[in-house]
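These notes are about the structure you will find just below.
Naming follows writing order (A, B, C, D, E and F), and every chain is counted from residue 1.
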């Protein structure tokens, strides 16, 4: 589009040298306003394209996290529940995608608030028209609506993915999916609008760059509420405080899941810069990539060392969780830390995981994949760590924001879980848990030919 | 390159303020033609770079679909044939890559047609020279030849991947690979040239944005021909219409494959915009991303609900196929639909899959992974759905295009399959099928330590 | 940032037409220096952004190769060692990330050399400050430090990944990780600085575009040293020259690993163009994509055909190694070859693998995944193949560079391995090897429910 | 009572089970085993090295039967499992002293 | 000596093992098997086609015991493996002529 | 005829098979089992919780032999399977009343 506007100028430019000095000056004078406009437009265009591209790249990277969650969770459940876990992950992502465009997106980024700063607008997402021109673009200094939508949708779906791991192996499919629809269509978007939709938390100065609290702890709170309402898996906790270990069936798959999540996190944090069209923005995105990576390293290494010290032998599942906790920890502020600080912030996340995974078991809170330690506990830590490297944030505000988000996410989720429990029942019977959900609920085995316990 | 041209101007600009008004005007007059030219060139350059980048990103995303097909198919065959299925997938992609550069690409995008609009040129692909400059670029308003080639190659390989799933578990390796070479080197490129190479179908107004017919139904037709010539797997259909179920051996792997395909589809459809260097193009790519995603969601959700209604229990393999069918359905027109329309178009794809998978079994057409329902049937639906949201397309033309493509792909494939059958034999003996192709053909087991049936 | 500078001009431009000719000329003259500066700055900015973006995209693609190596290796070890192999891969990547920023990066790209051309600087990596502006950027004609760092880090980690596959199934975890720290923090960066940090090999004219020698053969030499010090797996070589085959436990996973590596290689080679901000650079990146892909195809097809000819049946693991060898072979020069030449260069890599895998067994060099054939032997071939298509390179210089790199990597690695052997012991006892490392070292099984040998 | 142990080819399971059910067998145990015998295994190739897989996958059936049924069960097994190709399997008959049904505590023929 | 073969429900294994250990059983073999019996399997659906899985996963225990212990072992097995639901399993007792401990060559009751 | 059931350490399989073949054994069945005995299992740690794996992987061999060969087979088994470390396994001998070759219907020693 822009090209057509400028090409005549180029033609003119080529023609000019043939003319004398005077005419030339005149021609230039004629052309000048157009040149000025063209340069400005070209710059605007470049920024818009690069920002949109950042969202598109970030979007597909964060999309792939859905596969990462799915593989991590499917690898960490017992094989008799693996088909169910895969089914839940595909279904939750699909439903999130629909719920978010029907209500979520405009609830989260309201043009007009229903209650200013607290409750956004209710209307389905409308993309910019086909072949939109500069003049008709929604926000020419930002990015295309479609790119923004696709990026934000992936965050919303991630919240639901966090929940599915914690409640695995004993929740019924349909109530779970009902929860997902409400979570991704309503609960999360409302909460997220407070910070990212320029609502009251944003006003207050709460700082959560890519969502340690807004996405990860939020998902963790929803998961915690679910786990409490649902109860532990049948047989998980013995009478005299005995913990019956239920090892994950496919650790290589879980490891793949972790790597995919790590990959996706470059989009998750990098894309949250929301801009890539200037030198400072692209340099910031680069900083974020580097800090994100090193925080994951810190988390993994801390979990590796600590699990070896505590249990004599290294624990792969802790290392996987540790890397993820490192990523969650840096998510609230992946930009301002130095590489060293980012590594330490991530390492603390890894430490948190190693200590809190067994702690949850002490309280008989049965979180199959470690979603609560990784996303909730490390998410809270990440949120509180922001002021350590970002002088614009304060511990007080961070704490208040974190608490408000937590209270809302936990209570809202709890209410929904309790209603679902009352209305449909959410728990698979003990006997069916023993047989395995794949046989009783799905009639389809994940690995029909291997083993048969 | 461009930088060097402009830098002296910048130096001049810095020097100018020191000069008086008159000289300044003069200097500007001197510089002006260069400025104009520079702006135009910069814009041209930006567009070219962004377009090429779109192809490169699209290229690696669609490349990864080869892994997606491989995992989907390897997970859906029985473990005794899994090594063979993986081998076929790696080999077919590799051979497609070679066949496409030796003849395919220039057949598909002919500079000079052998038969105008019907049969392209026959010559190997030649990339632009190393360090090519603006003036020497093939098409400066488009993108680099290499980026275009890599993007298009991946589509060609996808056609062959579609076939490999349908004919799995009983086709001989070498005849299959011979078919792949002919399919990717000749049959597909000729057919695709009719629409995308500006051949007679394009002329006619046939509209298939990213290939519901040109790629997916095309692959489906080739697969159908293969399945008919080859016959069902030994033991699949019992005497009295009984269907012997042969469950896939590794559903988590199949689920991963589906997710990878979904990821790749952002490149498949998004890249098919063929341009990202202007605001309207990047906004269109964004629309396409959003519509592609929601169509997959629609397909998955429809298949989930419908399979539960029909069979009492949800069927993961149907959900996987449903998501893919949603993607195939939107591929013919991912740009013009609204999010709601795209969801519905995808959902119809999911419905088609759930109804046609058992239907094929009724006709004893043994399609191991559901390639025909997903790629052929949903592809036809997608093609016919274009006029619903795109007023430039007509049902009549769509139907004619779809029929011509189908007839050609089916007949050409049939002939090749029949020749291969006559010349080399294409079917593994019943006994070897019972033992499993991995033992008899490969002497290498996929999971040598697990199970032993 | 740039936008703000230009917008007033645009406003002016819009205002201008209203004024008379004379004033217009004057206004233009006033504005002109700014315009010139703006165009130059815009161009600089675009180049900087695109170069950084290339590194970011390349960075996440090459990052994903860590997952590829992990899946390939985990699939090719026996299931009793799979948890350990996954643990090693996650840990090595994490430690490489930390070691490289603490010392590696500045050793490799020294501002000030400690010994000119031979030994770089010792200081941790410092990224550009948050929100850096054009004027303060480290190298405005290149890319952001963070993007460069993240890209280079991934290469460094790949070197360690190569080693882990070769020494699998019998090396102790902690000594292995100690080696990784020294390799990625010190040995590799020093060696790489000689060529890519503008050290003496670069001076000499040694040409290794993306690291056939600098990365792949380097990793291969380190692996070879390790394998020699460590010895073969218990029971691998029988008394009378008998080779006891120890088949990989999960070939579909290994196949996935290969596909992920192939995907990552687009970033590996494409990103090594180091620039994407001009037409020639993006066209070159495109050439590289195309050549990289076709070389992998060549390697896979050659290995498929040759393994079938030699052993009567095709060997999937050889095909996987063949594709990777094709990729390694083209890595030293992915730009200058034509598609045909690239295919052949890759095919030779595939041939090398098929011949050298059994050869190593003859010498009782036990390389579990084929890392030495793929990365070392094909890497040497790739290095020597550069002058075939790149007239700037000479066989003599290539040979000398290759030899110096090899000698240094092998000797330095050997010394470290020997010290580790003396100090900590590096080999798992035969009995524990029989039981499997997952049980004895980790207390955690990869597939606890399947099989039980 | 007798305890019958038989090795059969895996793909014969369904046919055998149906035939046995038809003559009144109401229970059995099936185990995946590796059989070694006259039927040779196959050769596998792994990274250039050939090796013999000496064992062939088989299924092992165990059936506790009353004395009255032994002959019929053995005959039925032999007939339905037979393919006339080497490796069809073996049928072994052992003496069974006692049988108990866990659920009810019933013993003897009632337990079968 | 006697040779006891029992089929039990998989999730009962730990309980049974502990009970047997408590009465002095010092060794056993456990095999994953597919059981066929009165307890019906379940129906699976795959891509629109339903099919019956007739076999139920069970564990098979084998224990060589001295004559003195047989009754106690059978009783313990029956009591602990019992859930009163169909499919609890069977206990078979065969005569055991000889037993040898590989490590020491001990035979008879000493080998158990 | 006798029916020999033996538990051995998995890595001994090839050696045992060769030794038995050498003395004329022409067939056997091999099953992967979990053994419980004096040899303790190992401790696994999963996410901070330690637990004992009480079972050790073993292979179970079953061989139908003629009376003439019993002693030799038991002896060979014991010698080749022996490593002198705890957990080497057990050999049980049961009486075998009848044997049938499915393929041919041969019975008795001819069936083995």
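The working rule: contacts are C-beta pairs under 8 Å (C-beta built on N, C-alpha and C of every residue); 3 or more make two chains touch, one makes a residue touch a chain.
For clarity, every value in this text was computed on a predicted model and none was experimentally measured.
Graph distance from subunit B to subunit D, where chains that touch are one step apart, equals 1.
Annotation of subunit C and subunit D: jointly contacted by B, F, touch as defined at the top.
More C-beta pairs in contact connect the chains of B-E than those of the other pair, out of B-E and C-F. With angles rounded to a multiple of 5, the C-alpha fit of subunit D against subunit E returns 120 degrees of rotation. Where subunit B touches subunit C, under half of the residue numbers in use are shared by the two copies, so each contributes mostly different positions.
Measuring from the averaged C-alpha position of subunit C to that of subunit E gives a distance of 54 Å. A straight line joining the Cα centres of subunit D and subunit F is 17 Å long.
Centre-to-centre spacing of subunit A and subunit C amounts to 28 Å, using the average Cα coordinate of each chain. Annotation for subunit B: residues touching 2 or more other chains are 25, 28, 32, 35, 39, 42, 46, 53, 57, 247-248, 250, 256, 311, 313, 315, 317, 443-445, 447, 450-451, 453. Multi-chain contact residues of subunit E (touching two or more other chains): 31-32, 34, 44-46, 50, 94-95.
Contact between chains, per the stated criterion, is found for A-B, A-C, A-E, A-F, B-C, B-D, B-E, C-D, C-F, D-E, D-F, E-F.
Across the complex, subunit A is touched by residues 25-26, 28-29, 32-37, 39-44, 46-47, 50, 53, 57, 61, 78-79, 141, 247-252, 255-256, 258-260, 262-263, 266-267, 270, 276-280, 282-290, 293-294, 296-298, 300-301, 304, 311, 313-317, 319-320, 323, 335-336, 338-340, 343, 447, 450-451, 453 of subunit B. On the subunit A side of its complex with subunit B, the touching residues are 1-3, 6-7, 9-10, 12-14, 16-17, 21, 24-25, 27-28, 31-32, 35, 38-39, 42, 45-46, 48-49, 52-53, 55-57, 59-60, 63-64, 66-67, 70-71, 74-75, 82-83, 86-87, 89-91, 93-95, 97-98, 101, 124-128, 130-134, 137, 140, 143-150, 153, 173, 250, 253, 256, 441-451.
Residues 243-245, 247-248, 307, 310-313, 315, 317-318, 354, 357-358, 361, 370 of subunit C are the ones touching subunit D in the complex.
Subunit A makes touch with subunit E in their complex at residues 235, 434-435, 439-440, 443-445, 451-453. By the touch criterion given at the top, residues 10-11, 32, 34, 42-46, 50, 57 of subunit D touch subunit B in their complex.
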